[in-house]
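Order of writing sets the chain letters: A, B, C and D. Residues in each chain are counted from 1.
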Amino acid sequence: MSRTSGLLAAAGIDKRFGANSVLRNVSLSLAPGEVHTLMGENGAGKSTLFRILAGIHQPDAGQISLDGAALDLRNPSAAYGHGIYLVPQEPALLKELSVAENMFLGMLPTRGRFPSRIDWKTIRGQAQDALSALGLDVDVRDDAKHLSIAQQQLVECAKALLRGCRIILFDEPTSPLTGREVGILFAIMRRLRGQGCTLGFISHRMEEVSEISDRVSVLRDGAVTDEVGRDGFDRARLVRAMVGREVIFDRRRVRREAQGEPVLSVRGLAHAPVFSGVDFDVRPGEILGFSGLIGSGRTEIAEAVCGLRAKSGGSVMLAGRDISTSSIGDIIEAGLVYVPEDRARHGVILPMSIRDNATAGQIGRLQRKSGILNRGREIAIANDTMHRYQVRARGIDQPAGQLSGGNQQKIVFGKWMSTNPKVAILDEPTRGVDVGAKDEIYRLIEELSAQGMAIVVISSELEELIVLCDRVIAIYGGKIAAELKGADVTAARVGAAFLGAEAH
Amino acid sequence: MNSAATATSEPGHRAKPRPRRRELREVTLLVATFVVVLGVGALRPSFMSFSNIEFMVLSSVVLGLVGISQTFVIITRGIDLSVSAVLGLSAMVFGLLSTTSSMPLWQVLPLCMAMGAVLGCLNGFLVAWLKIPPIIATLGTYSLYGGLTFIYSNGLQVDQVSPDFAAFGNGNLIPFLPVPTPVLALIAVATAAWFVLNHMKFGRNILAIGNNAAAAYNAGISVRRTLLAVYTISGALAAFAGLVFVAYTGSATATTGTGDHVELQSIAIALIGGTAIAGGRGNLAGTVIGSVFLSVVITALVFLQVPAIWYSAGEGLMILAAVTLGARRSSNP
Amino acid sequence: MKPLIKMLLVSASLGAMATAAHAQMSIDTSKTIKVAMVPKLIGLSVFKANEQGAIEAAKSLNINFLYTGPVTASAQGQVDIINSLVARKFDAITVTSNNPTELAPSLKRAMAQGIAVVSYDSDVSPDARDFFIQNTAYPAMGKALVDSVEAYAGPNAQVAILSSTPDAAIQNAWLGAVKTYMAATYPNMKVVTTQYGQSSPSLSLSAGLNILHAYPQVTAIIAPDGAAEVGAAAAIEKLGMQGKVFATGASDPNSIRQYVKDGVIKASPLWDEVGEGKLVMYVARLAANHALKPDDTFTVPGLGTYTVNNKVIIFSEPLVFTAENIDKYNF
Amino acid sequence: MKYLFPRQPWDRALVAILVALFSGFCIFTPGFYDGFHGTLAITEEFLPFGFVALGLSVVILTGGIDLSVGSISGLAAVIMAILIKSYGLNTWLAVLLAIGAGGGLGWLNGQIITRLRVEPLIATLSTNFIYSSIAIALAGASPPYGFGPAFGELGTGALAGWVPVQLVIFIVLAIGFSGLITRTGYGRRLVMIGYNRDAAHYAGVSVASVERRAYCISGIMAAFAGIVLASYYDAVRADMGDILLLTSITMVVLGGISIFGGEGGILGVTLAVMILGVLRQGMLIAGFSDMVTTMLIGAILLSSIAIKNLFSSRGFDLGSIIRRLSSLRPPERMAPRS
């Protein structure tokens, strides 16, 4: 652990991926004992910059230096050698291997000469100690596949410390975490900072940024647009630096008490042990919030309602029709859609064109009797999506993978909305989305609701639920723990539902 | 499919200590083997005779050796279809050298294994450097190496091998211990493979790559070199299996190995043994017992007077059963 | 013992007759012709022995000789090769077929283009070749196999059959002859099982061992296939059952020499593959010269006089290899 | 018809290779060019591989594989032969039933893969063993042969005396498959599954049913290839399909269909069928032995994928070739995202 002070600096970094210029002449320096946050819109190049600092990517131009000495980071292990460690957004622990082995991956200690055996005892002991030091109570002999994402992130922190790394970069660690988990992570970050570590941090959440950061740098379109110290934090200024314009975001929707027959009605939905006894209704024009921790069963419930996941019991009625046993295709056809939270895995098919992606939810309708697709309608739908959601692209035949994350998200949104659903379930619609795009998405949701669509928003962000929803259902342990409506939907009450749920 | 959403415990404390699921496929297989031996033995007592049991074990050695290297390759999410061609070439080289030259066993053996290693190395290069999917890369080299065997043999075949070679294939290495040398060789190789996989860095790197090659690379493991080594070992072991084959049977033709579909059978026993085709997890003991099990079942079919044409169907059903049973057990989160 | 001795005498006298024959036909060898020999597959020594004889004969017959075949015993592979030979304008194609019917269309096409087609060893459909050289008459082979079993395992022998594949034409013809002759001559002899070695040494050995384990009453194995006979003999030797179980079959002497000397195989009928290769070239030359009629006789120097009977030429009576004579043959 | 013209660089490269090969053989190999009809008739020797390759393409587009095509074609041919010879069925009815049987066997593959959730590689490896056992059992000691001249036209006949029937059928089927994949809803779903099965599932595609149909199509094409072979040889054998698998996979992969699914098209496969067929027949006529040809096909398979991997999505210009060859770092696959 006898490291240098650890001033990590990048100067004049350029990076291109194929035809995409991701970083242009970016300079950044991370000082020891500070938490330096990187903010920016999707596609601004934040992750790429961190990956370059961690040796995963190599810059096309520019220089990285540590305490003034130039570094050649040709691969991640070179970075470890200099004490630099990147905690990825989605920790890549090896599922079938034990936690202890994961922590020592690539540096397993051995004993004996030839054949030198792996020293499992030391590994287990040191791994357990390192986790205990971070306050994580996990059996290190357990397979990594049994850990939650939050646990995995803490294991990643412990990995960094085990490698003697004093410069730890966190690539958007908090987006999959709940508030309580974020608290634990921040406590650990503070402790590391106190020990003189250099910490890099990426986040979209303004509260988190102001809570933890000592310094913030803002990236826009691959270039640094602003850098502020702790005393200069100003929400409006940071947002302006990110999006390049003023954004008003303390907007609040007029809450309505939707009337009329429920368009979606769920009774006794169950799939032990994940969730059970789930009853709820949604009415046309209503925005219903689903709050809950990751792992509370909210995503599973939504997927079961939409036919994406098996259920052991219960009924789902859509506009008076029983769809509990229908296939996903039929459910979409009947007017219920689920917009998944994991865009890259479930939402967009990167190598396919915008046209193919935008029409992917309604292939059945585009088919003529002969089975041949109606090309004209496909083009019309794709153009309409491009236009309505203001997708920035060369044309509808451009592969979706060439677009920025925000534009991909718009196509995902448009893909399901163009099927003209009666009910839409949006799972974390703003996850990993920057402030400017968030605002646009809120506006879209309200617009659709005003047109009479029933919308369910699943979110772990308190603010989002309060800004958007007419009614909020709190899910805990696979059950509906509380329901709030009308004037009850306040920060205090929704927050209490979280806390109340946790008290169980 | 939805693994991202299945994490249910919170940080800081574990809801319940999870029972650590370890499927003990090798135990299941061992029990199944005994059941078959006892069951068929009850109907046909000669099935349980020492010589028949020795034969069943002995006839699984060649496949077992190839199965071990195939297990390593499958752990890396790969597959090696060229093993049968390497086996055939090595059998031919070994057999012809033993009859046409006066090279002693201890010279021919390393020579053949080195040749197998070189051929395996080419596979590794194709997979690790040129990024050719393993199934395609080894399909291509299967044709190439098979062709080499024909060119090398030039239409000749091996009908018998010199006595010391034959002794290697049939004799007992240790006097008074009634275990034939090939079985000892298999036990030695299997033990070494187990040690490498569980107690050496190289073995753990193989597992790490099978789990997530990108993460392994980021952790400083040289993915390409490890893959190269795995395919090289696969080639060397296949060549060794070829030697055992010739020494045991005393014969080799240009279609040895490829004609017997050793590549498919070695994959089959690895899967029967509980190795996951998706990589990251391997069961060496299962592979070895799987090869014995396969040989026992096929022999049992003979004893039960099932017509010979149905043996391969039995093999197919067995693979299906093994794989579906495995899927049942591991599909629970 | 009797039938075997008789048989040996017959084959010996046949050889004597051949050398005594003088009537020699003059063969027109003025023009060089291209003749191909297509075995079932390349890489088997029995076919290699044919090639050895053919090469010798080709020199004296002014034949431009080519030996080519598929790498696996597939009819499709042979068809591809035959088609290419047709395109390359060969004068004669000689072939031992993996399947009598699958080769027929392409051979007929060859004949339509004036190419002489001679089949040997395994026949094709009669309308798809000019002449067929049969190794040895099927009944004779069946008789030789059964007689060698009777000679060493007695008339009450329990016989196991180890063949190549269920649909191997020539093996099935021999086995048919074996069963007919057995039923007629030794009613107490019984076939207890039929297994297949797929012409693979390892599978044949496994099948042989399986037979010996699963059918302890077996006293003789008839394995009318090169790999199968070796497998059966190796299995008997491995289990130390020399003298209790006898193997016989159809394999070249080099493959079984060791087993014949060890006494596992006492007598194994085949024919002189090298001589057969010579005869194939002679018939190919004659057919290409249009000098042979469907029913005819001709003489080959060093081999003897042959009768063509409805386009079929029988090469010889079975040649039975025993410990005494096997060292005279090297193929 | 505009979409039939090769637009992908890979397809263009294949066209160039085909033209070069064909003209090379015509010029340098005596006997290869045998009049217009004679040269066209060469296609009869390899189009059964092409039929299998078309069906396999569909399966490989979903990211799967079908190792049982060989035994399906053998079994289907045996079934047809038995229906004709032992049950005296009308030839064409027997053909239809055999193709149906092939579809059924493929459907069974699909059931095993989707219902029992067995990897396609393993599932079809197992059924390959099972189907071939059944075929051998049905075929018996002397498989039937001789199905009459009308049936023989399928494998060896020529329309108007000069265009082989097989070639006509192949072209029709290739156009049909191309349309199926690029123009129909089924094809769109197929490609979606190949690229990203989860996303296809979330978009309402019934992944399992699309896959089942893919294996069914593969089985039908394999059975058809078996029947064409039966017609060509006027005989059947249980193992007559064994040689189909490796070459057909090579054709599909050389044709540019990614073994991981999603990417590629039928035009490339059609070209690859022609290239490998012409190459094999040309080499044989040029006097190369069977094994050299087999080795060469293996080498082509390897080099084509290696070339594709080295230069994929980077065009074929010299600069990129040098860059790729000089850099030994693993390609950065991850798209930039922050």
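Here is the rule we go by: a residue touches a chain if its C-beta (ideal position, glycine included) is under 8 Å from a C-beta of that chain, and two chains touch if they have at least 3 such contacts.
Nothing here was measured: the structure is a model prediction, and the numbers come from that model.
Chains that touch both chain C and chain D are the following: B. Contacts with chain A and chain B are shared by D.
Chain geometry summary: the mean Cα position of chain A and that of chain D are 42 Å apart. Averaged Cα coordinates give chain B a centre that lies 30 Å from the centre of chain D. With centres set at the average Cα position, the gap from chain A to chain C is 74 Å.
In this assembly, the C-alpha centroid of chain B lies 37 Å from the C-alpha centroid of chain C. Among all residues of chain B, those that touch two or more other chains are 146-147, 150, 214, 217, 309. Counting partner chains per residue, chain C has residues 42, 71-72, 166 touching two or more of them. Residue numbers of chain A whose C-beta contacts span two or more other chains: 345. The chain pairs satisfying the stated touch condition come to A-B, A-D, B-C, B-D, C-D.
Those residues of chain B whose C-beta lies close enough to touch chain C in the complex are 44, 46-47, 49, 51-52, 55, 59, 62, 146-147, 150, 153, 155-157, 159-160, 170, 245, 249-256, 259-260, 298-299, 302-303, 305, 308-309.
Chain C makes touch with chain B in their complex at residues 41-45, 47-48, 51, 71-72, 166, 193-196, 198-203, 205-207, 209-211, 213-214, 216, 227, 230-231, 234, 238-239, 254-258.
Looking at the complex, you find that chain D touches chain A at residues 179, 183-186, 188-189, 191-192, 195-196, 198-206, 262-263, 313, 329, 332, 335-338.
Chain A contributes residues 15, 17-18, 20, 22, 40, 42-49, 57-58, 74, 172, 202, 219, 308, 327-329, 331-333, 338, 340, 344-352, 356, 360-361, 363-364, 366-367, 370-373, 401, 405, 415 to its touches with chain D in the complex. Residue ranges on chain D touching chain B, taken from their complex, read 65, 112, 116-119, 121-123, 125-130, 132-134, 136-137, 198, 201, 246, 249-250, 253, 259-260, 291-292, 294-295, 297-299, 301-302, 305-306, 309-310, 328, 330-331, 333.
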